[in-house]
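To start, the structure itself, in structure tokens.
Chain lettering (A, B, C, D, E and F) follows the sequence in which the chains are written, and residue indices restart at 1 in each chain.
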Amino acid sequence: MSYHNPYTPPRKSATFDDHTLAEIRRAAATGIYDIRGAGTKRKVPHFDDLLFLGASISRYPLEGYREKCDTSVVLGTRHARKPIHLKIPITIAGMSFGALSGPAKEALGRGASISGTSTTTGDGGMTDEERGHSQTLVYQYLPSRYGMNPKDLRRADAIEVVVGQGAKPGGGGMLLGQKISDRVANMRNLPKGIDQRSACRHPDWTGPDDLEIKILELREITDWEKPIYVKVGGARPYYDTALAVKAGADVVVLDGMQGGTAATQDVFIENVGMPTLACIRPAVQALQDLGMHRKVQLIVSGGIRSGADVAKALALGADAVAIGTAALVAIGDNDPHWEEEYQKLGTTAGAYDDWHEGEDPAGITTQDPELMQRLDPIAAGRRLANYLKVMTLEAQTIARACGKNHLHNLEPEDLCALTMEAAAMAQVPLAGTNWYPGKGGF
Amino acid sequence: MSYHNPYTPPRKSATFDDHTLAEIRRAAATGIYDIRGAGTKRKVPHFDDLLFLGASISRYPLEGYREKCDTSVVLGTRHARKPIHLKIPITIAGMSFGALSGPAKEALGRGASISGTSTTTGDGGMTDEERGHSQTLVYQYLPSRYGMNPKDLRRADAIEVVVGQGAKPGGGGMLLGQKISDRVANMRNLPKGIDQRSACRHPDWTGPDDLEIKILELREITDWEKPIYVKVGGARPYYDTALAVKAGADVVVLDGMQGGTAATQDVFIENVGMPTLACIRPAVQALQDLGMHRKVQLIVSGGIRSGADVAKALALGADAVAIGTAALVAIGDNDPHWEEEYQKLGTTAGAYDDWHEGEDPAGITTQDPELMQRLDPIAAGRRLANYLKVMTLEAQTIARACGKNHLHNLEPEDLCALTMEAAAMAQVPLAGTNWYPGKGGF
Amino acid sequence: MPVIDLATTPLRDLNKALHSIQQGSNDVTYEIANPRGSHAVAVGIAGPVTVEVNGSVGYYCAGMNDGGTVTVHGSAGPGVAENMMSGTVVIEGDASQYAGATGRGGLLVIKGNAASRCGISMKGIDIVVHGNIGHMSAFMGQSGHLVVLGDAGDALGDSLYEAKLFVRGAVKSLGADCIEKEMRPEHLQKLAELFEKAGVNDVRPEEFKRYGSARKLYNFNIDNADAY
Amino acid sequence: MPVIDLATTPLRDLNKALHSIQQGSNDVTYEIANPRGSHAVAVGIAGPVTVEVNGSVGYYCAGMNDGGTVTVHGSAGPGVAENMMSGTVVIEGDASQYAGATGRGGLLVIKGNAASRCGISMKGIDIVVHGNIGHMSAFMGQSGHLVVLGDAGDALGDSLYEAKLFVRGAVKSLGADCIEKEMRPEHLQKLAELFEKAGVNDVRPEEFKRYGSARKLYNFNIDNADAY
Amino acid sequence: MCGIVGLFLKDSRLEPQLGQLLSDMLITMTDRGPDSAGIAIYGSAAEGRAKVTIQSAKPGIDFADLEQDLAEAGLPARVVLKSTHAVIAIAASRLADVRSVLAAIRPDVRIMGSGDSVEIYKEVGLPKDVVARFDVRAMGGSHGIGHTRMATESAVTTLGAHPFSTGSDQCLVHNGSLSNHNNLRRELIREGMTFETQNDSEVAAAYLTAEMAKGKDLGQALTSALDDLDGFFTFVVGTKSGFGVVRDPIACKPAVMAETDRYVAFGSEYRALVNLPGIDSASVWEPEPATVYFWDHQKAA
Amino acid sequence: MCGIVGLFLKDSRLEPQLGQLLSDMLITMTDRGPDSAGIAIYGSAAEGRAKVTIQSAKPGIDFADLEQDLAEAGLPARVVLKSTHAVIAIAASRLADVRSVLAAIRPDVRIMGSGDSVEIYKEVGLPKDVVARFDVRAMGGSHGIGHTRMATESAVTTLGAHPFSTGSDQCLVHNGSLSNHNNLRRELIREGMTFETQNDSEVAAAYLTAEMAKGKDLGQALTSALDDLDGFFTFVVGTKSGFGVVRDPIACKPAVMAETDRYVAFGSEYRALVNLPGIDSASVWEPEPATVYFWDHQKAA
């Protein structure tokens, strides 16, 4: 008789874990890489690994409810005749109409306007809902140029030249055919129902020397009124920020690898780009080296979720942050309310990321008229405003505890780190030490 | 009244966790170490801890869908009259007939041939299925020499002298009696149904000075036509690679500790050898020190699962990778489809590793004719081809994002690390810093 | 007729003047002297204005033109008439790369040759080139017409969507998913119309071949993966 | 009879010449002069060829021989006739370690002594040694016959599978799982056959003892663990 | 990212104006490269004489008494100072000795280029300041190339400025961004090349030097560069008798050429060419991708 | 991993050819060890004289005026230069002083070996180059051993080459790979030995030296080596009057011996022996595992 081991509980491999196995099987079955929405799902060093040092004896805090802690920020002071004044340093990141439904774009505009901040268009052009409901609207200038036209350019409050996104620095986009409704197709000058690829380079310029001329053209078309942002994915933030400044940007938008996306290869989302936390200091360093810190504003995005994240990004030197995923969640994305339908789609609330497939039960990442109906833009806008208010209060409460009368007075010296990696990336000491890993010390 | 402690929840030990306890019990019951298949199950530093820096402003990406990104690789250019030309830098690692069923070997051959890559025989010789269905077949020359003969040597496209395997550098193999079918026994010149031990040293040479003569003999027998690979387990990769080169290898195959195995002591799998990630840079350094990088090709294996892993291995200096476990999963190993039967075997899909016992419900690691029937080699080959296609597309999409027109142009400078360990092992900086842990920097 | 001399007048003043013309006002003609390769000349025109440029221009001349008529008596740099909405742009000399890129409407006429990526990502514009065009032209072209009286370079119409390409001379190579298609009467008629508009007299529509999308890459199929 | 002088001819030319002989062609005889310890002499023979080597050879002489007849008029280095498939190899002098390693068929005759590991991992080959053999011989021998007219060194037949060992002289020690077995008539007959083939005249089968596997290690048993 | 200009004179009557024309072309390209600028001028070769252009971070010290010290070291030479650079004129037969002698007597001095006719000047700063510093306008010659730099990933230094010398009377300027320069640099270092910067263009220059050392001529070296260099590039290479141009296969960095009876000119933009005499009637075109172009006085002669 | 050769002459008429024969044997073993090579030659001992072989990384400096400096330090000696090595001949009674005097006047010089009759030469490079450098072919002697090295885990340096000196007129060469040399080295360091390399063979040499220092003779030391050394090894040990051979109990690194009336020879492969006179009629065999062999002129005498 053959020999059998006694029972030992089954053990799974950390290298070939369930996700990996499932992905290999999926690849074997389909022959195409996995495309999905949302951002990096695995754990990377993030703001959670930083802590604020509140004031105590050696420093004095500000009274939490009384003493002023200003949150305003002005963007585009370098060249624009009409800089943008925001009440809070939290903006809504660019998300394409097409990826998002009309009501979702409207909700974002409403919420941002209540809060005194800006929204951003996306790959696919500007919709009237969005313009109408957004007090301040940033118009993205993308490689695909879907829907780009001079009227909208002039209707915008600022222009954002998108060089890359944190979810896919160096990569292009893909919008699957099932999301190309009549309206989307029309805005994009494309047949309905076909996959839409977005290029990774702009059609009419490459490199910072060309970009300088492109920015000149945009300024001339808009009579030097509007701030010009340049958005880059976080990969070589020092160089990219420096070059954006040399090319004439008023504002640099820096999107770390956790940044959400509507549709990108999973392999790209998880393996290309640097964590947001790792991007900020090199970018700020570049601005400082060029004497442009606070003159060219830095907006950081990618995984911003709370007022603490906001305060930390600002303390590391950003002027403002942008949120994408968090804003979608605030207006109802992945809500357990629709759990039954998520189950039908083979997923669960909180994990749904097939945003490119257009079947979003919450009516946000879809072009299906029935699903869209589910999202009440007025209520959803209110929810976003509430959420922005909470983030702002949270950031203020932290700043006050550190004795700051403006969020911008937060400093790296107000922080310490819980992990070696975070300490090295944020260039702050490991908690309780004077050790800056990678810099010597002790 | 006496005093009672309130309820405290049970707490298990991290040192004596369930696996450890079960293993002690198993050892106590049987008196023999645990033998199993598959690779290291615990977590070790791996490619997941590396990220690519996509192109942005300072560099230009290539158009994801259009601009050429070559994936071909030529192996054996050093001495062989007929080097091997592969379309993709992903080969199928050597897995023995005996460990795998005939249909499984056939499926691997079919899938690899569709994809323009090579398969490898294993401990147990060459089968006609495999030769017939593999466009390019590498013939392993192992210590056991089971089935070794000059006809097959000449039928092969390359010869791989196996010195060791990542799962067990320095260890031998064991194939339990229940897997020794008539056919396997016949190929191995052994009685049916007995345990087969494989030696850990070759019977007729020891050391690099002898190996040089052994390679000379193999070249003479095959008239200097075929590339000679030398496969080593990852333990002292710098020295082992250097000595393989000095002994005359055309190609060095380096298998890290996560590399799969058909049957090895668990204690060996989990405790001997270095992680794949830690092996590559020393091996590449050895090749560079000898002026042989890209002249003697380096194939890396052990835990390769996705195009991202492929791209990372290549960026660190490998010329190609090999996959074992992942290929088995792609053709159906550990598929949840057979969950009921896995449960009967006391395990679960994703954790089944008693590959040496020959009862694989998926019909892959078995010699049982009925179980084998379950694997359709044509469909399974197609699945493998799909999976290889996805890995290739993924590696290409990453390389294009880094602006490369050939996967081999990926460089360590395109990477950064998420952890100190990975940064030190891969000799790339921690993300967002210029710090090479273990090397100084900043 | 106002003359603006770019040797003495800042570019800003030129474009500001052109922008002061509102949609619906009467046509005005400006003459521009000494452009000498300046960038962003006459960009963002939003009304019925005629601009005569005497000399060669740099990047993005007549960019985003919406209703104006711009003639360059010289050559044009990269991205001439990029993203044009409506109106007419005529280049008497050659045009550099990206001519008419992402154009949505209007007519671009190039009397000389156009360099690479002519009509890249075109979205409705009509482009007529009297000479030859360079490689990668009409890459990802979505709609509109590209008419070439001379030859076309490598990878014409790569990843094409629904733009229609007409070439009279030789095509060095076609890009992925671009094929030659049958010339039907409506195409001959369309060509005749475009000749009329672009002032082309000496050739006949029948001398042209039509190229368009094979539509194989419209929805992903693993068997076409190598074309990606 | 072609003579190849290794003092002047590269090894490659020798082996290439031997490989050019196809299975099924007529027997040819080559003479090899001045081998002087060269390695890989006459390896990979795949047809009916007779090779006379005048002198001593290095490693792997007649490796993987399949059908040839190779005689070495001198001594042989390590791994002579390794992995032989068929044919005959005769060493007039001594053989170094690993003689006949992993051989699958054919006959290896060593007129002098064989060093350690003679017949290691043998898989069907017949080996006849006129002199003594060294330690660890027939280690993990799977099948075939090893006949020794002289003495055997330490650990004979360690971890033996089904190879059959016959020794006329003293056995210094037996390896794990190797035991002396009864000589049955069929064994005496087999020996006689081998003597015939190997040109052994002066001894009788009855002078030999037979050794084989105790088969205790065939399937793992904890009580035999010390033998592993 | 950068701006490139090149001018090759067919009409020798223009030769006294070469520096003047090239300076204007270079300054026009300031927007493309405000960080540093450089220029290589090919003057008429004096029979049997050769020139070495050197640069120093402390010219006051290094160039003092240089002529005398060279003479004492056995190298009779004439030294002409130009700001941070100096040109050493010597007998052509002694050209090979200059490097070793300088290494001994002026270890900190960097050799910018050498040959029978080339002089290379480059510095950090705006093109107009660089041109003024070296008085480029006053220089005459048969052809020349110039470069303005916007640094992408390597430092803004004199050594990081172009042109890079690739051999006797040879130099290279580059616009673009190579994506495999780190691996290539490692290989070239193994082959014995030395590098001063982390600059990708220096790798291109070293690559061409190495290929030519293996026996290729410049055209063959440029052709193999099309295979071995990855990324985006436009190279303009100056040689003793002319210049060559090659663009990568994707060719999206701009390049314009103009030809008349009197000259052939190259510019990253048309703007660079507008002040050339007779430009309005010149034939103006853009070089094809992955194609090697050459203009040569000797072949013309 | 390595190649070893050894030759012990019984017939004194062969003595002038010792270097010649040994050189050919050594060069044949190049394939086994291309990294470095070394040789120990036992010449005829001059009555009352002793020799010290020394090595220097900068022979030009260290060997200049060495004879004179030794004399000034009170050590009258004759110094013969051989490339990077030199042989110091002195009165046997002063042998013990050489080390301390050299440490004072030539601190960087390394002592390769010393004794009445041994001279040791070793260097990095191919065996043929090493043989040529020291003009080994011209040397005569009664017996000698040689070694070619393929470095496994320690650096390729002169000091890592074999033979290793293990005492007066004693040296060792090794083929194989010890698996407990790190622990042994630590123990020996604790016992006061010093080490120059990370090489396992040096540990074997030091081990034998240490055992003999405890009063064992060479045979006893080799016998205890069989117990104390783990791994694979073949040692050939040279002594004033002969040489010894021992293999590990597994004995899978190759070794061949040949004996005739005129000599006893050792080689890692038979190839090393084929050029010896009368090899065809020699008795050729392989040493047994775990067995100590000896050939000795004195016992023969």
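Methods note: contacts are C-beta pairs under 8 Å (C-beta built on N, C-alpha and C of every residue); 3 or more make two chains touch, one makes a residue touch a chain.
This structure is a prediction, so every number in the text was calculated from the model and none was measured.
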item	value
Other chains in touch with both chain E and chain F	B
Per-chain Cα centre nearest the global Cα centre, belonging to chain	B
Of all other chains, the one whose Cα centre sits farthest from chain E	D
Proportion of interface numbers common to chain A and chain B (over half same, under half different)	different
Which two chains share the largest set of C-beta contact pairs	A-B
Chain A-chain C separation of Cα centroids, rounded to whole Å	35
Between chain B and chain E, centroid-to-centroid distance (C-alpha), Å	50
Inter-centroid spacing, chain E versus chain A (mean Cα positions, whole Å)	44
Whole-Å separation of chain centres (CA-atom averages), chain C against chain F	84
Of all residues in chain B, the ones touching two or more other chains	30, 55, 57-60, 62, 64-65, 176-177, 210, 213, 386, 389, 393, 402-403
Shared-contact residues (touching 2 or more other chains) in chain E	152-153, 177, 232, 252, 254
Two or more partner chains touched - positions in chain D	39, 58-59, 78, 117, 219-220
Touch list for chain F against partner chain B, complex	1-3, 31-34, 150, 152-153, 175-177, 232, 252-254, 268
Chain F residues within the chain D interface of the complex	28, 250-252, 254, 256, 269-275, 280, 284-286, 288-289
Residues of chain C defined as touching chain E within the complex	36-39, 55-59, 74-75, 77-78, 93-94, 96-97, 113, 115-117, 134-135, 153
Chain E-facing residues of chain B, complex	55, 57-60, 62, 67, 288, 291, 293, 402-406, 409, 411-413
Contact set on chain A toward chain B in their complex	2-16, 18, 20-21, 23-25, 27-33, 42, 44-45, 163-164, 168-172, 197, 199-201, 206-208, 211, 230, 232-233, 235-237, 239-240, 243-244, 247, 257, 265, 267-268, 270-275, 277-282, 420-421, 424-425, 427, 437-440
